[in-house]
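What follows is a group of structures, each given as structure tokens.
Shared between the two complexes below is chain A, which pairs with chain B and chain C, respectively.
Moving on, here comes the complex of A and B:
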């Protein structure tokens, strides 16, 4: 049986909890790049696992084969896999920010891993902490660079029940960069998420 | 006499959380706004002597509201309530005239404390 997606009220709480997590991510990026980061409201939506790759491509308008993806698994009370997807422009902006020389793939790879660690970490740890759930991470790994989105999302641990898509945009003084986080979770995790969100809601 | 309190946040949940966290016994008339434009419209009508202001919002963000208050010479005591925890964000809002800065997530106690610190509410 598939997990029931969150209702409107639960989603509203989730959106705010993610917003708070992103505030922490923004502060970490600001420190890393030594710039001020203008935050925007993250867009959050749920898509079905069965055809989530198609849906993710549609949502991010992800055509072509110039995408980079980093994968990071998490486990404990919340369990699943997160993918951070960067467009070619985003990768270049990031490299430019930190002053990497063009064509240095090793350095760019390391940068993508660092930024993903910050984004996924701040977002998911931020969410888990606020709703009182435990979460641990496996180190992030690069799935691919210069690939179509479908190739990046194909390599997964297993089939998951629900997919949460979070679109984040960070606007830096030196140029914008945007990134999409795709979070896949088990049915048990969705129930944990739901119960945590309800507790958080009722704490006010 | 009751105080005109304006709550500005794009998140309906966050506005509800603020409403529920307002100190009991504080005599306020509450107006809500879901973005910066709505906030400025309410302020022009005198509905915000005290403002609880979110920063990250669509249409017009909290920095824009503070600039609007300054440029139009509106009277408002603003406390920023935000998830943006960059030191520079706090510095920016304070130099734009905000009286205080409260980090999200907040609770009853931290909200009462910042309101007291800013001199807009006193307990008992």
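Moving on, here comes the complex of A and C:
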């Protein structure tokens, strides 16, 4: 069964709900790291399974060949997998900022996992809360570090057809770096998302 | 969660579940300490509840833990740690003294914010013993490393095989093309090797290959790569070596093979070898082309009467 894609109006509401969620994420990161953090307005789009890799490669095109990827599963009424992609420069900046200075690989990996957890959590919990859906998380895991993007994406879940692509840019005091956040949701979740969005619209 | 069970029952489950459960305040004061934590730490709940966690466990990464707990309170979101990055939070003994081969219990932790308690922020930490997974993963990694090593080796002689050599040569080729320097490739073929097999049998042939390999191996530097290319043909990658250095080395190898027979069941098997040598230059397009040049030089060495070293020239 293929889920009906969201219509224009539903997508607008989704964009709004994600904006609010990511705004909260930015505020949280700023509080946590004690620095000015600005998150760009996220760009939200849907892609088909077949176009997934192409789309993500387009996003990161021309920004180097060294990337880190972290994945995190979520489940309950909304279920799926989130995938965060970071450039090499961004990883270093984050590490410097948060004071992981001991050159310990484990520490840098842990930092990426933490930041992903915070971003994914803030974004999806934000969405789920606003549309009144339950959501839980599994611990994030590292897919790879310092690798070309194609090496990171091959493990993606092919079970679901629709991918929700959320592109966010961080702006830290020290300079910009990008994080690309991709989520894949099951067909059932997209129906839940739709019903939640419709309820959300009607409550206004 | 339904509360068909009474509070006592829930307390019982929390206490006895085989997962570490502790609840702390934002300042790391312990509020709950279940039996798993008690049993593994040897610190009783009565002792620790109401005190700061770090008093009983000075070895904990205090600053990190404070930050973690604070972030969970602040963001009101779950947080996780995995044994792959942080092997353990609490330095507990593991329960595999016989089969473990590890020094501590590997742990995955989840930090859960309490919802709704505005006055006092609480965080529940659950701690899972994942020593079994950690050990299995380590075993798999070891097996993989061993398999990879095996897949690079020639089973008879133990030196590298053709596949590995070509990968290495490709790397060396790229290195020298980017950073400059010298690189030579030597091909070696034992002369009339078929006669050894026909006269003394295949086991004698195998013995010859093993001994010749050992002799050449004894002459190579750590950075050289000696590989069995096929049958009785060997290839040696000589990084940081120009044609004259390569020629000196090749002649030493040739002389050693000629000088010392291989003894097999009372027979002294005398041998000679033909060698082809070529050196990298900027006109060579790929590592394959470099190999091809050495191969051509080897062919000429055979043509000219064997037991000799021939350097590649463009007219070959």
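We adopt the following convention: the second predicted complex is superposed on the first by the 192 of 204 C-alpha atoms of A that agree within 3 Å, B and C clash if a C-alpha of one lies under 4 Å from a C-alpha of the other, contacts with A are read in each partner's own complex, and residues count from 1 in each chain.
As a working rule, a residue touches a chain if its C-beta (ideal position, glycine included) is under 8 Å from a C-beta of that chain, and two chains touch if they have at least 3 such contacts.
Computed from a predicted model, the values in this text were never measured in an experiment.
Chemist: Could you tell me if A:40 is touching chain B, chain C, both of them or neither one (first, second, both, neither)?
Modeler: first
Chemist: Looking at A:110 after the superposition, I want to know if it touches chain B, chain C, both of them or none. Which is it: first, second, both, neither?
Modeler: After superposing on A, A:110 lies in contact with chain C but is clear of chain B.
Chemist: Considering only touches as defined above, state whether A:139 meets chain B (first), chain C (second), both or neither.
Modeler: second
Chemist: Kindly classify A:15 by the partners it touches after superposition: chain B alone (first), chain C alone (second), both, or neither?
Modeler: In the superposition, A:15 touches chain B alone.
Chemist: In the superposed arrangement, which partner chain does A:88 touch: chain B (first), chain C (second), both, or neither?
Modeler: Neither partner.
Chemist: Please work out whether A:198 is in contact with chain B alone, chain C alone, both, or neither, and reply first, second, both or neither.
Modeler: neither
Chemist: Does the superposition put A:73 against chain B (first), chain C (second), both, or neither?
Modeler: In the superposition, A:73 contacts neither chain B nor chain C.
Chemist: Which of the two partners, first being chain B and second being chain C, lies in contact with A:26: first, second, both, or neither?
Modeler: The answer is first: A:26 touches chain B but not chain C.
Chemist: I'd like to check the shared interface: which positions of chain A are touched by both chain B and chain C across the two complexes?
Modeler: The overlap between the chain B and chain C interfaces on chain A is empty, containing no residue.
Chemist: Help me check something: in the complex, which residues belonging to chain B touch chain A?
Modeler: So the residues of chain B in touch with chain A come to 10-14, 16-17, 20-21, 55-58, 82-86, 88-89, 104-105, 107.
Chemist: For the complex, give me every residue of chain A touching chain B.
Modeler: The contact residues of chain A facing chain B are 9, 12-13, 15-16, 19-20, 22-24, 26-27, 30, 36-37, 39-41, 130, 201, 203-204.
Chemist: Tell me, which parts of chain C touch chain A in their complex?
Modeler: 70-71, 74-75, 77-82, 84-86, 108, 110
Chemist: Touching chain C in the complex: which residues of chain A?
Modeler: Per the touch definition, chain A meets chain C at residues 28, 31-32, 106-107, 109-110, 113-114, 117-118, 121-122, 125, 137, 139-142.
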